[in-house]
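Chains here go by letter, A, B, C and D, matching the order in which they are written, and residues are numbered from 1 within each.
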C-alpha cells in the first residue's frame, strides 16, 4: 500500500512532516511519500523521504514565466507528481501533455479524477497510477468505508479495462488505518492523505497508526498457502503478501518424519 | 538601476546563472536579482544572490493543491515576486489579492502590465514596483531604444499620477547596456531581462557588459556641480550620480591660494 | 437611477421578465435593462426592453470557436454589456481589451469590481460605468443599507479621481426600493439586481415596488429652490430632480399682486 | 455523411450562410448543420437549418453570470453542441459535466479531441459523436487526404474500442468534396468545416461542391450486389449506399424470360 501525503498549501512545517514520514517509512518498510508545494520540494527531498510534486506544468522548456516544469521538479529531488488533483483540474489535452512531460524526465505519475468514467478516460494516457476522488469524499470527514464504496471498486474495474498495469489509488476519504484497509480491500494499491496527517497534532503518531495495519493486520489477513508434491516431498509454501509489493515465503518440506523449514 | 533576470522555464542551469549574477553584483555594486522556477528557488537562494519568484498564488494557507503560496516562496529564500507577467496574466481581483498575499510575508512586489492605462490600473493596488511590457517588444529582438519609447515614459507618468512612490521598471526590449541606459533615461529605475542573459553563451560576460554602462558611461553623463560660498571658502561639490541610488561627492574648498580636496 | 436586471443562468423565463420590465419602464419612465444569457439575447431584445449582455469575449472576429463577440452581441439587439462580473472575473489585460471590443461596435459598458481600489483600477480603461460588488454583499441577503456603506461611497470617490465622467453603479446588496434609495444617496447612479427580480413570484410587482421610490420618494426628497429678481419680478424656480437624469421646473413669477405660474 | 459548418467568430453573415446551407441540404438530402455564436443561435435556427452551438457551459441553472447553459441553448432552437473544440479546450471533469448537461435537455453532442488516445478518453463520457482534430491539420490548408491519414482511422478504432455506437467525425483538414470522401473512407461518418465555407465568396456553391460527391461519386463507389434464388426466381438486388445513412435498393427478378424490375 503506497501512502502519499499531500501537504497542499497547509500552514504545516513541510520539513518536520517529511522527517517524520521518513522515520515511519524506514521503521515500517511501508512506502510513504510527501508532496509539498513546489518551492518546498528541495527542502523536503533533502530529508531523504520519497518526494512528489502536487502539480507540474505540461510545457517543454521555453518562455513560460511562472510555470513549474518537469525538469525543474526532477532537479529539486522529486521523483513523482500528481496530475489533475481536484484542486487543480486540467484540460483534457493538458493531462495528456503533462503525463508525457513527466515521462520525459522519468517522474512517476498519478492522475486524479472524479468517478469511474473519468478514471477510465485518464488511464488512456498511460500514467503509472490513477487516483479516484469521489466528490462526496473530497475535503470532508466522510470515510471511504462508510460512504458508497462501489465508486472505488468501479474505478478499479474501469482502469483495468483500459490498462491492467495501471495502479489505482484511493484519493479521498482516508484518515485512519481502517480506511486504508478498506481501500485496499476495494482494490486500491495506494492512498492519498492530506489534512489527516498535515493537520495532525503529532503527524508521526498518526503515520504510525496508519502504517500499523499495513504492517500487521493486513499481513495476517493476507497469508496464502500452496501445497504441492515434489520428489516425494510434501511441500507447503506459506506466503505472506505485503501490500507494498513484497512477499515473504516460508517453505515447509515433509518427507516421512523429516520436516525441513526454510525461512526467508 | 535594478536588474531582474527572469529565467522563465529556459533549459539554462539556474545555479550557474545565479552564481554569475552574484559575482557581478558583488563586483559592481549593482543590484541584480534572479527569478527561477518555483522548484529552483531554494537552490538559487543558496548562492546568496537576491532571489525573486516568477509568480505566486493569491491564496491564504489551506486546501490549494498545486499552488505556490507567498509563505512557501518566502521560506525558500526568495525576497520578491513578479505578478501578472505577460506569460502568466491574472484576473484583476487576483492581482489585488496577490499583492496583499506578498505583503503578508513581506515579499517585494513587481506587477507587470501591457500599456500605460494598465500600469495606472495596477499601481492602484500598491505594489512596490510596476513593469511595463509593451506587446510589440515582448519576446522579440526589438530594443526599447528603437521602438516607440513613449510607452515607457507614459507608463512612468501613469504610475506617478496614482502613486509617486511606485518604482517603474522596463519589462521588455532590454538586451544590452545601451537598452538599459535608454530605459533609465525614459524614467525607469529597473529592467527585466530574460533570454539576453539566460540564453547567453557566457551569462557572466553578458551581465558585466550590462552593468558596465551603469558603472561608467552613466556615471560620466550624470555629474552635477554645485558652487557655494561659506565662511570665506569657495566650495565646489562635484556629485557623481549612480543609477543604483548611490552618489559620490568630491568637495573642493578654495580660500586664497589654499585648495582643500575632500575625497569620499 | 439605472436598474439593470441580471438574469444570470436562473431557470426563469427571460421573455416573461423582459416583457414585465418593458411595461414597468414604459409606465414609470425609469430606465430598466435586462441582461439574459447570450443565447437568449435576441428573444429578449424582441420585447423592446433595453437589452444587455452578461459578458462578451475580447476577441476580434476570427477563429474563436465558442466565443461571443461584441459584433454578434450587437447584432442580436443588445446595446450594452457587463464586463468582469464577480461570476466571470477576467484577466486585467482582458478587461482592457473587452472595453475596447465593446467600443468597436458602440456597446455601452459596465465593468464590475470588488472594492474601491479595483474600481479605481478599472475606471482607467474608460468604460461608461463601473459597478462595485462588495464580496460581503454578493449573492447574499445582506442589504447595502445595513452593511458597511463606505465601500460604495469610497468607490464613487475612487472612480471620480480617475475619471469624473464614469457612472458608478451598486452591483450587490439591492433587493428593495429602500436599497435603491440608499445606493442613490451613497452616490451610485445605477444598480444591478439579480435574484430579487429573477426569482420573484411576481417580477412585475417587484419591479414596480423598486421603481416607486424612484418615481415618488426620491422625487420629493430631491426638490431644489432657486430665487432671483429680474425686471421687477420675484422669480422662484422649483426644480424636481429625477434620478433618471431628467428635471422638471416650475416657475413662479411675482410682481406686485400678480402671480404667474409656469408649469412644464 | 454529416456536414457541420462551424462559423467560429468569423465576420461572415450567419443568416446568409444558414439559408444557403438549408437550401443545399433540402436539395441534396445531405445532413448539414450550422454552428454560429451563441448570440446568433436564434436567428440561425429561424432559417430552418439544423442548428448547433459551438460550446455550452456545464452548469446547472443558477448564479452563473456570463454562462450559456444547455437550457438557453435548447430554447434558442439549437439541437446539438460541440464540446471541447480545439479553440475552447475544457477540463476533463468539465467535459464529463457538459455531456451530462446536454443530455439533460436532449442536445446532441460531439466532443472534439486531438489524437486517438484522447478520442478514446472522451468516448468514455458517452457523447453521441467525437471529432478528431489532428493538431497538424487545425486551422491550416493541409488536407486530411495528404497528411498522415492514420490518425483518423486510429481514432475510429480508439472510439470503437470504448463504445461502438459513438460516431466519429473528422474535425480538421476538410475543405473539398475529395477531403470529405477521404474522411468517409477512413471511417468518419461526419466532418467539421469552418473557413472553407464561412470565408468562401459563394458559400452555397462551396456547399454544393462538397455535397456533390456525397450524392454522386460516393454513390457510384458504394454499390453492392446480392444475388439469390427464391421460388424459381433469380433475384439480383443492387443496393446504393449513401453515406447519409440511407440506402436505395433496385430489385431485378428473372424467371424464364420474364424480367421484373422493382424501383424504389
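Miscellaneous remarks
Just so we're on the same page, a contact is a pair of C-beta atoms (placed from the backbone, for glycine too) under 8 Å apart; a residue touches a chain by one contact, two chains touch by 3 or more.
Just so it is clear, the model here is predicted, and its values are computed rather than measured.
Mean C-alpha positions place chain A and chain B at a centre distance of 44 Å. A separation of 55 Å divides the Cα centre of chain A from that of chain C. Multi-chain contact residues of chain B, defined as those touching 2 or more other chains: none present. Taken pairwise by the contact criterion, the protein chains form one closed cycle in which every chain touches exactly two others.
A list of each chain pair in contact follows: A-B, A-D, B-C, C-D. Interface residues of chain C, counted against chain B in their complex, comprise 84, 89-96, 113-115, 117-118, 120-122, 124-126, 158, 162.
Listed in rising order, the residues of chain C touching chain D in the complex are 6, 8-11, 14, 36-43, 53-55, 57, 59, 61-69, 71-73, 75-76, 78, 82, 85-88, 139, 194-195.
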